[in-house]
């Protein structure tokens, strides 16, 4: 229906809420009739809770999950804070999907290196799930995931248990400092990536996390001789419309909501660094 | 109860929001209660620590949301629990009162009174007289957000 | 179809048009002229070349409620609440109409279309008005706008001595003239007294500017140009080609509404993220964004500079930091010589 | 979303009689965030509190709203109950549906919707409540008494006896105050000095008391338990350690000035002790009249002083000390009746005020205790006393009654008769007020046994004629004009606040009434407390009082101070202001208006471009902040907010109240 | 062309160039000409070449002091050309702790009042080519020749009743003072509005404020609006909604004015900056007038040492409400 107002959300319901970390919760959301919409990994959706408002979040569940959409949300503002306070059964508004998503076609046949930090795992998780579901299309999968502390790692059991069990898959966890009962690696994600020393050959690296982590991961990958075309990341910006009109999220002529949020490093290098 | 109905019907009842300082006027209100004095239920009190806490923006918000009158009550000059709060609010609220009147509000819509903790009678009298004055003036439309009104009419 | 109406008969025409739906036209509001809905007794000013704020309001209202919500317990009801009726915009000058066409590209042509804008646009009959005298601030000539003609108008109006010539260009336009019935007289033999309207000549060289600016995001020009900017939103709000908006809710936990309203890229909060990070944190970044958007980003996508030379920013910027300043600075004149 | 529980109290029928409890509970269930609603007959009872604690635990409530009596009544009770369930007590809000609702509105139809509105507002506010912690503050175990009159002396002695160190600050060279100026005291006629001086000496010798005479309080900062006080000890030009009080200096001193102690009726030397029993018996040099200071020569006192205690180089000294409690006992002044021209005060030496007449009786006074006219040294035979000079005079002076004049006039009339047996006294009065033990009997004695003629009426004019004073008045009972040819007129001038009372009030941070008498915190129940915690008042600085009343009030103030000093820690204010420094522009308007000097500038560093920028912002000391919130109003950007009464909480209350019309 | 008054520009340039080129100041805030002869815009001069552009004519209305807020982050010492109102603005910033006196050198320019282009056009009645000024008169060059007018009739609104055209604070005064003025009509409009009934007044303001675009030019141009975050943008609480409802218009404008109580220096930059000509200064002047009436004469910005009226009180202050 072309005459539908793109800003108009549809009704959705929260199935349940899990506390991931002290400031991150995962919401499982379902539409009026099952899935609110189809989407690809890396795409986002606007969640709204009047009268607090609307905010955009990346979808963390895999498109292959047909039961619901999942959002891992960090409490940083009014909308995210309000969403944190909800209880199962609460209805909210949802619209989307927005953005380009990860280039899953281009990634076919490649080895994949996922590098995530903290809440940055959210969009990666969607892609990782997708790749597992289409396991035959992709080669070796390495997942490097880190956070400040063990308590700040999200989807811990899934990452540790299910992902690590997948064929041809290695999971490398790290935290910033020593913690009791933590027997994994200790150190920042970029350092760990360097230490693990991945070969760029036939590989695509996808990274998502706090800006400062991304900055150093990109440096680390560069040292490992990954070319910019081989590195993919996603951006976060303030957005109101999601459809490239409200004017907030552009990097030069490119609108992150519409043309992003997924960019390869070479694409990003060609754009004004206004993020 | 529909606000819209209330206002068109003959029995329109005004809403008066009163901000009372904790130490004098709110206590004066308590005394009015313990003395079983009576005043109209149109008045609803919000407790603030001091009349010096009274931000004029609260008054404007009340008008936006449908208050027909706003009454700020504090300790008599010299009696402020915090020494100078009411002296400060006297200046602020005097300037502000003149400003809202300049904007076209009737002087009765926004009032300030000094009511001590021992003046239960004065509390009741002021609340009554404020209500009567506002009743005489009729509903306040100025600055009332029409959108909020459409919302409240359905509550 | 051409019709003529005596100038003194215009009020009757407006009244009859207004009876059928909202009629927007330049109205003298105290010291300024604004494009506003006609009301009995309104003081229409067709002689003002430029309204203080552009008529984009007609198509992209400064405030537009599109949803209502009701909550009760865990239930949330979301109800579309658009209210778009047929309107007439009378007296839109060529520059402003050209600007609307630029908005069309963003709001209609670019996928997905904005249904609210599109509907309004389709529901609006535009009566264009040729310019007979330029305002000192006008410089539409620089952008190839013909002050005598607004090609996109449904009806083109020309002020003549004592009368107004109305020429229908589209079916919507014809319908409008037909509706007016006896108020209009046949004008098939009339011709517009086309004047050669010369607007200010700043000697701008726009050729290749967008392409040239592509590499100038980090240009030192920006370090100087922004300095006088006060950080207000005058330029964006008066500008006919600015179209940014915000979305906000109004109401309480029980019910309320959601609306969109104009916003400005000149405001710090425009891009501030919930966590506190702001990609365009300073005035420099914001000034650059605005001018780059007009001169590079928009042209990059839509192949034309997003300025029509209406001159509103020249008139209204409190510190005269207008697009001509910017173009000149970027075009290798004043600032670059430092 | 919070998880709020609403509890509504019937208060027997006090609330339930006018508020439909069921309806109210039902309505509460629909408030945003409310997950539980309940009611009970008496919520403040043990059982009632149990209901709250249980519900908090069972329903995992994180906010509580109680619809009960005034928060001034039971807020603490319910906060404690909430705390018992492990909830921070400040997450509880009270909706006052009794005093502000059920008791003042006539029926259910009126009171029920209002109760719902008040509850809705409380729930809206509670949703934004934050867990708060009241600071625990230290108590400095030392008290300051300002004023060394009988009130100050008594308070200091009591506090000292309880084992705490007390400093008395007295602005005159000696303690003693007004009582030292009196001859005898009513109604027992015991000698004022005889009962006062032992107390003065006791105070001076008490190991826990420090006398800081000829000193003034310069600055008071801080708050209850920790007042930081600067005391200016004025230079005496006499070393108190060396001085033996022998008196040679003032004997030899060649220059004189008018004696303050003698109300200007006599002279004293430039180096002097104000009166013979002064404590400490250390003289001061009055720079204004001293020849050495005026003209640079003389120095006789220095030459004559046996222990060489004179020190012209002495400077004012600032003593800085911390006190846990302060008792203000600064006493009173007598109104200067010059403003009433008709009484001719100041025009004739035989027109005196009551206090001046008091000195005439005194053996060490200007006449050596002989009751004589100052004009000719002859004993007065006819003395007219006029009451209420400036008191109870709406039109021209104070509305209040000076309280002591009726009694001291009776006393002076009796004393006069005893000293000058053939003297006749006339008293013009409005009313004779003799409330007090033995007072009425005393006054009757004056009238009946001492032949004092009481005339209800007013005096219109006094003027000298020949060798006497003509007093013209009206007897208001008979409406007759009266004219008395008197030898002497005594004006019972009003008891007024000290001239520097407003300044003292400002310094210590207590307020006063329109006559500048300091205000007690509550006229009935907190007569010695002030609105500023830790500061107490005693004596005539609060209102006119006689000696017994003053002494009892002083002891009461002392008890309050002792109670405070005996505490290990004090609970500070939890609802204090807080600065959001990233938004604060550093204009410091908040600092300017803060009555507690709780706000100070502080420099912070912020990232700017590639470097760091230093800038000034405001900072609140939560121990000093008393939570008035005036700063939050002064701050235009809302960068300073008051916890517990924050901008968004009050706005939420407004929104909620306006929802329910 | 407008008479550029070469002599006075040179005098200004002479005064500042020594300091700028000698390194006593790092930046000079002045004016340069804009596209049109009737526009003078801010100049940020750092070199001799920059100083060539310096303008000082009858169109230097922009209040430069406000730029100090940003520029002092990047410069140690700044020179500012200050008219009467600019100097009061500087004092305002000083009182708000936004600047330090020793960071700034003020070059005082006694101000004859700035001209209003719209008034000039109106007077000319058609195309206006330029003006020349002499002795309080303005000669308008119009197509058909010349037309003469009194300068006072052509002033900007903000300058019409200026009482203090001379800088109240400066390090160097560049011309001889104009002297204090009466400003007899300063409160005329306020008084006219006061005469109206409450209904009429409300109608007046509702109409005037309905034009508000929420562009915040009034705020951004204002020397008393120095908050880092305006109440308008605050999220918790949301004092100000973004909608263009009459209620929100009043909220913004009443609060903006109220925040200037005892602080507004009456420079009129708010009104001059307003693209839709809302008479904002009347709201400010109402508060000035009332504060003067209630709490004694106070001219914000004249004396940085004098306590602003809302930051102090007297126990015997009068009130605008009954205190019985």
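As written, the chain order gives the labels A, B, C, D and E, with residue 1 at the start of each chain.
One rule holds in what follows: a residue touches a chain if its C-beta (ideal position, glycine included) is under 8 Å from a C-beta of that chain, and two chains touch if they have at least 3 such contacts.
Note that the structure is a prediction, hence the values are computed from the model and not measured.
Across C-E and A-D, it is C-E that has more C-beta pairs touching.
Set against the Cα centre of subunit A, the chain with the most distant centre is D.
Relative to the centroid of all protein Cα atoms, the closest per-chain Cα centroid is that of B.
One inter-chain figure worth recording: subunit B and subunit E are separated by 37 Å, centre to centre, where each centre is the mean of the chain's CA atoms.
Centre-to-centre separation of subunit D and subunit E, using mean CA positions: 48 Å. Subunit B has its Cα centroid 51 Å from the Cα centroid of subunit A. With each centre defined as the average position of its C-alpha atoms, the distance from subunit A to subunit C rounds to 39 Å.
Residues of subunit C in contact with at least two other chains: 246, 248, 250-254, 256, 263.
Residue positions of subunit E with contacts to 2 or more other chains are 231, 236, 239, 243, 245, 310, 315.
Annotation for subunit A: residues touching 2 or more other chains are 78, 87. Subunit C meets subunit A in the complex at residues 66-67, 69, 71, 74-78, 80, 82, 106-107, 110, 112-116, 118-119, 217, 243-253, 256, 258, 260, 263, 265, 270-275, 277, 279-280, 285, 289, 292-293, 296-298, 300-301.
Listing the residues of subunit A that touch subunit D in their complex gives 82, 85-87. Interface of subunit A with subunit C (complex): residues 2-11, 48-55, 76-80, 87, 89-93, 211, 236-238, 240-241, 243-250, 252-253, 272, 274-275. The residues of subunit D lying in touch with subunit B in their complex are 70-73, 96, 98-101, 103-106, 110-111, 113-114, 117-118, 121, 509-514, 519, 522-523, 531-532, 575, 593, 595-596, 626-630, 632-634, 642, 645, 647, 650-651, 653-655, 657-661.
Residues 56-57, 60-61, 63-64, 77-78, 84, 87-88, 90-107, 111-114, 142-147 of subunit B touch subunit E in their complex.
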